[in-house]
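Sharing a structure here in structure tokens format.
A, B, C and D are the chain letters, set down in written order, and residue numbers restart from 1 in every chain.
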Amino acid sequence: MAFTWPLRVYIEDTDAGGIVYYANYFRFMERARSEWLRALGYGQEQLRHQNVIFVVREVQAKYLSPARLDDELLVSVAVEQSRKASLLLSQKVWRKPAEERPDAAGPQDYLAEALITIACITQTGRPQAVPAEILKRMTAGAAYPSEPNDESQEPL
Amino acid sequence: MAFTWPLRVYIEDTDAGGIVYYANYFRFMERARSEWLRALGYGQEQLRHQNVIFVVREVQAKYLSPARLDDELLVSVAVEQSRKASLLLSQKVWRKPAEERPDAAGPQDYLAEALITIACITQTGRPQAVPAEILKRMTAGAAYPSEPNDESQEPL
Amino acid sequence: MAFTWPLRVYIEDTDAGGIVYYANYFRFMERARSEWLRALGYGQEQLRHQNVIFVVREVQAKYLSPARLDDELLVSVAVEQSRKASLLLSQKVWRKPAEERPDAAGPQDYLAEALITIACITQTGRPQAVPAEILKRMTAGAAYPSEPNDESQEPL
Amino acid sequence: MAFTWPLRVYIEDTDAGGIVYYANYFRFMERARSEWLRALGYGQEQLRHQNVIFVVREVQAKYLSPARLDDELLVSVAVEQSRKASLLLSQKVWRKPAEERPDAAGPQDYLAEALITIACITQTGRPQAVPAEILKRMTAGAAYPSEPNDESQEPL
């Protein structure tokens, strides 16, 4: 039951190979994380004022199939593991099947998967536990506003 | 009666000054132009296959007020002038007023304005007239799908 | 007698059209401006601590010929006009001729030219005059370290 | 005996947190890989014409300490492991110690480390063995032009 965010591939995202530049998947995944926090009720500026800052400590990603100009992508976020002062998030990127192919996305549409370790720190950089209320909402799932998600689907 | 596209400011768009990096407004404006073409019925990949390529020849932009993290922006596109093998487009960027301030956007929300000269070329780089059907749709205006636009408003 | 900064085109700078993405020329020009300030003896962090902040207020750019992957570019900066609380800078981008063609760069190597208006503001955003010592060094020219520039040449 | 490439942090690389945006380290690492290939005698455009294309299949990165505006960074590349149709590269990013601190870089200057899996494919996307001559040069090491490297140093 992952949160899923849709986005479109623009020329700015591509490279001379005709595909999305590999570093830009991390932009896409960060957009999905930001919207996930927003859907849970948190803006990042607001959290910063409450002395709660999330920073990326570690990433692992596999590139399975390339995204191209005009593709409509879906990016998911789910808590894989909750640790003392950090979270292990699982993120997936896949291509929304074109309307002409109303059948489920094929394996060629499953583009990338990543594990992202997010640490929770204070403004002075000290590690701190993820506030209980935030963690509760993050792991409760399911309660996302349906609007941006009703068009999404989990890859098999 | 300009086409208007909404977008959100993410961390990737900002710089160490705490505001959106100046070059990134051109990304935002290009996203709006791509969605404008799409709303008129044209994908850029599809146009390329028809040997119709739009390239940016000249830009002029004024930065009036900075955009910040989490801001929701609106970017407009309108044909200012149609020439032989090029178009002069007028584009504006403003901040969507927060829901707490349901009154119209103030002058501090009017962020940037630009004139963009787009040339129409073939795949071998030769200038060509904008195909009549495309030009007609571009200048007809008004017929945009209302969904992404009904929340937009023109700056005064 | 313009300051000139060399840089290389990497995959990150290109787009699916096989050329440098139009907004990225503004990154290149900002790199040249940063190095120009550094060559004059100023780091931007240091200037910020002295309450001197330069921000871009207006840009005009013409794209004359595209840059491609692996190209080595040269970007110049020169003060075109000095105003009360702002500077009008002239910037040019051209391709360094390949060693196989030791003759001067041809017109196809002259890629872009721009006029950039830089305002000088305080940390609270108020306009202020460019400090006299900075302005003097900016307009004195000629005294740049020759090392990164000796391989550069002005387009005709 | 790793290849090392120097680069400077510009405003474009930073985000509203005042540090280099996490995805941009992958740009930096790709620049170092491109310059490594160039130092070995290969341009990427030239390799593409020879039907040899390197693509990123997998990345792992740890962010240890943040880079900031004006920092001068060093990015290394070394072959960790050579496989049938791919290479495992080890890349490190650290801050060049300021001249005022002529002692070796401290642990706070060791910024990031990554393992990057690069696959060798043909233009139609089929995996192929890394050509023997390229692999030989990649693993021979040591013969890099000293000029951009003489100022570099390996972290302990």
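Quick note on the criterion: a contact is a pair of C-beta atoms (placed from the backbone, for glycine too) under 8 Å apart; a residue touches a chain by one contact, two chains touch by 3 or more.
These numbers were taken from a predicted model, which means no experiment stands behind them.
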item	value
A-C or A-B, whichever has more C-beta pairs in contact	A-B
Centroid comparison with chain B (C-alpha atoms), farthest chain	D
Inter-centroid spacing, chain D versus chain A (mean Cα positions, whole Å)	26
Mean-CA-position distance for chain C and chain A (Å)	36
Intercentroid distance (Cα basis), chain B paired with chain A, Å	26
Shared-contact residues (touching 2 or more other chains) in chain C	11-12, 17, 23, 27, 30, 68-69
Touch list for chain D against partner chain A, complex	17, 22-24, 26-27, 30, 53, 55-63
Partner chain A, residues of chain C touching it in the complex	11-12, 14-19, 21, 23, 68-69
In the complex, chain D residues that touch chain C	8, 10-12, 27, 30-31, 34-35, 43-45, 68-70
